[in-house]
């Protein structure tokens, strides 16, 4: 394990602690304003926001990506977060007709098609169904990392990997509503449709709909945010985010897929031979080191914490390996926090940095034994025209001065 | 189980579904504005907020409770939430000198007293320690439900039980910092001190500090909110909220408790004989039905979901029982979502309501076998002057019209 | 025909039956086999007029796309190249998708404002722009499924669990996994298209 | 005296040693045994002057509390009654708590602005208001721990796990747990002190 010798992965004691400063720190020896005068009282902030010193922690977009911000995307600032849950205000946004602002009393959810009786539900109806459930699931856009197929393009994990979030949902199984309407025996597919101005639609195999899809009205404990489908969205665990229809207004039951625009023109994976895979629903296991990363460079020699996220649409993460030398040598990371199926999973490597250049990578392994491939392994089987489902191993080059950049290695 | 017959706890089918309306719903047959025109694009909301239709979901205070809002409390709207996690913007606030607004680069954390060397850490230092951890813990103010000792007083679970929240924390064990400073063998107590204008202090047994206390900088994935101690707070799992010192600036190590104002004048439990219990740290098992409740009355006969929260400072919740007839008959609720030690736990009872009056109660049982007592059982052993640690069973009276009120029963 | 499932799960009685007019109003999805197509018709000529008024500003007079707005025509033969252009003509397997999507989502910002005849006409015009039909063509519910689509055979269902079986690996290499140290072959920095953090949007 | 622990855990080297002046600046906690008391002194008389200027607006001229601001004097003998009043005289077990708290937190809104002598004087004055010392009294570091406190014996450590052992119950009753149906004995509605939801604060 030669490559590990220089930048030791083990947290070993690094000599003596720093001596006291020659002069005392005036931030300690003088009474600061916040320790003397009264700050804001209760009810200054009936609904609280982050500190004024955290204004840089925001979703960001890449303006040149799209023609209009109403059909566009912004990105979760993964490098500023910790744990496994994404704060609701920072969950990346992807709209196709802007944010539908729907008064919940005016929202309707219809189940029609191959059912005994077509049904209409209000949001209040949904909240009265037995069997309400809570789950944390990741939602990843199939186009996450899509700009990186041909090589390193964007300098920051917010942009390369930030089309993912992980949220606690409360709702009822979609099966409950299908049972209420009575699904006919020849049914095989569902069409989920949104109430927004793109009328977003996706075909979903009935089997998935009956297995673990949820109709939810709550995220991270409170009502869904408008950007995330308020008042009702579909949750399709482990499958590509585009299918998690927001502002869900209709489920049609049928015996064939609909081949909608979002499953033909988009979200099909063009391979090198000019043919395309379709219905590539499941998100393969993936991971990214969020710290250090280009937006969060290393600042100190000595003890440091490397941290990152791993996830798999096929179930639980069973292991994450980290390399500091571009994939020559690997060590398994420490996973902390809950390891839930189809949920982001947090990993850490506590390491000492002696200032030498590093090529940091992470590699997720899930409970099915799938091992996150390198980008080159992926390109070998898919070419570079796929747009979607780029789960290749990311490389961050850390320079001697701590600066960190997105690189391709060969 | 006579009392259950009228308002059956079991979710049984209630006859036929409603027929289609005579006229179609225009909300369906006409194209709504949100399905036609473009809504806000990405980056209209770099840090998102709840829907304009959720403005009633806020922390609220009780103005007559305190002389000034800078030393006061507001309450989590428990009846509007679901799952186990409290959104950061809705976590109740309790300040003693208002919200300290601290620039993180100017914050210092000192460890002094019975240590080999007194130490000073910056926030950046903390983030470089090995062994970073993530945990969800409830924080309950010892005075939660304190207004209810002499009888039903406030009409809403937000006010009777809203001094509790449940948050994911990221940080390091306090032990890590104590080890770094080197705790002397005669040390027995810690003093935790805040940087706010109340200089908040609490004595904490060293044993607890070494066992599971955390020094954290992150809540629910992002930086602590200013109201919750940004940039650094102490986490004291299962123990009363006042000890979880916010804006943590100092840990002093000593061989005796300090008997500070918050552990003598306040947070001691005056009993009927005029003597007081002190150092009543642990929060006994407790629960509350959040829906229905006075602020969230029943609106429909037929299927309904009763929901609530249970928690214990001694570990995991093992069971929650619910009664609809004021405690004559009980049935165990369905627990959904993670059951974590010293964390809020969500329970549900799916039931059919025929419109009859109900007296709803819940009873938490934890893994140590502790059973949440009735209010009268509690008063028998504590009197009514305790202020703190009121974990008695709450009764909601649901009227035939669904209105729900806070009552005492005898 | 559809038959009810044998063992029906218990119903709660929540919700209500939909009115037939409600189902009709929201049943705008169209399938490749024509299921969901409304009655109606529209010609290339009619489509051209509507397109120039309501669509060309974004998609270009000939569907070539204005600025970064989507291209709707051309791209035939581009799928294996450096810059695949995916249009109705070059890529889309079914015509129904165009009808369905234009009806539900276009014109952008004024969705669901077109009549069924207008959608037939626009679909016909986009087909014409892609050289799939002559200028004289009229599209109807009746002839809808008879138009051959060039790339209909270009798709197959997800086969990753077999074709990418090698990614399931019980013994991923842990040490000395490559003979030579890696070298940098590309840098995002050089491309320089990352938004500057400091000039990004701010929450005030 | 303090000795280092036998098996020292590994150090990371993070942080730095504190400067003695830093430790001194932040070591404002005072214990019942006098540990932490700074040198200094102050008389009831001196305390009265400061109290009337800086404290009486909230706490009242005689510590009786203005409006809902805290009461600082009186309450002796009230602890078993309907309205216990907890003051230095009636409830607080240790004098050190007053010194410590006034120094760190008062006057409210201008904390940590008093000199040590002023805090000694104010503590003396609050003792006087509580009839614990005569008007001529001067408090010093030296005599600090010699003043008897009325309720020092009124506290004992948490004993819930023994005194409330009955709350651990392996078989809580599940049915017919009370002979008669419960009746309502009190209603929050009657007291009517709940803030109205609709008039509550709004997020705009």
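Labels A, B, C and D are assigned to the chains in the order they are written; within every chain, residues are numbered from 1.
Keep in mind that, in the parts below, a contact is a pair of C-beta atoms (placed from the backbone, for glycine too) under 8 Å apart; a residue touches a chain by one contact, two chains touch by 3 or more.
On a predicted model such as this, the values are computed, not experimentally measured, just so you know.
Asker: Which chains does subunit C share as contact partners with subunit D?
Answerer: A, B
Asker: If you average the CA coordinates per chain, which chain's centre is most distant from that of subunit B?
Answerer: Between subunit B and every other chain, the largest centroid distance is to C.
Asker: Using CA atom averages as chain centres, what separation in Å is found between subunit B and subunit D?
Answerer: 24
Asker: Between subunit A and subunit B, what's the gap in Å when you average each chain's C-alpha atoms?
Answerer: Taking the mean C-alpha position of each chain, the two centres sit 28 Å apart.
Asker: With chain centres taken as the means of their Cα atoms, state the distance from subunit A to subunit D in Å.
Answerer: Each chain reduced to its C-alpha mean, subunit A and subunit D end up 47 Å apart.
Asker: Spell out, as numbers or ranges, the residues of subunit C touching 2 or more other chains.
Answerer: Residue numbers touching two or more other chains: 10-12, 14-18, 22, 26, 108-109, 111-112, 200-203.
Asker: Scan subunit B for residues touching two or more other chains and write them down.
Answerer: Where subunit B meets two or more other chains at a single residue, that happens at 11, 17, 25, 28, 35-38, 43, 46-47, 49-50, 58, 60-61, 68, 70-71, 97, 110, 117, 119-120, 128-130, 180, 197, 199, 302-303.
Asker: For the protein chains shown, what form does their contact graph take: line, ring, star, complete or other?
Answerer: It is other, because the touches fit no line, ring, star or complete pattern.
Asker: Of all possible chain pairs, which ones touch?
Answerer: Applying the touch rule to all chain pairs gives A-B, A-C, A-D, B-C, B-D.
Asker: Given the complex with subunit C, which residues does subunit A contribute to the contact?
Answerer: Listed in rising order, the residues of subunit A that touch subunit C are 1-3, 49-50, 55-56, 58, 60-64, 66-68, 70-71, 96-97, 110, 112, 114, 116-122, 125, 128-130, 151-156, 159, 177, 179-180, 182-187, 191, 193, 197-199, 201, 249-250, 252, 254, 256, 258-261, 264-265, 268, 270, 272-282, 284, 294-295, 321, 325-331, 359, 363, 365, 368-373, 377, 381, 385, 395, 397, 405-410.
Asker: Contact residues on subunit D for subunit B in the complex?
Answerer: Per the stated touch rule, the residues are 2-6, 8-12, 14-18, 22-23, 26-33, 35, 58, 67-70, 79-80, 84, 86, 91-94, 96-97, 100-101, 104-105, 108-109, 111-112, 154-160, 163-164, 167-170, 172-178, 181-189, 191, 193-195, 197, 200-204.
Asker: Given the complex with subunit B, which residues does subunit C contribute to the contact?
Answerer: Of all residues in subunit C, those touching subunit B are 10-22, 25-26, 108-113, 200-203.
Asker: Okay, in this complex, where on subunit A does subunit B touch?
Answerer: Touching subunit B: residues 11, 17, 25, 27-28, 32, 34-54, 57-61, 68-74, 80-91, 93-95, 97-104, 106, 108, 110, 117, 119-120, 124, 127-135, 168-170, 180, 195-197, 199, 218, 220-227, 230-231, 247, 299-300, 302-305, 307, 336-338, 346, 348, 350 of subunit A.
Asker: Would you mind writing out the residues of subunit B in touch with subunit C in their complex?
Answerer: 11-21, 23-25, 28-31, 35-38, 43, 46-47, 302-303
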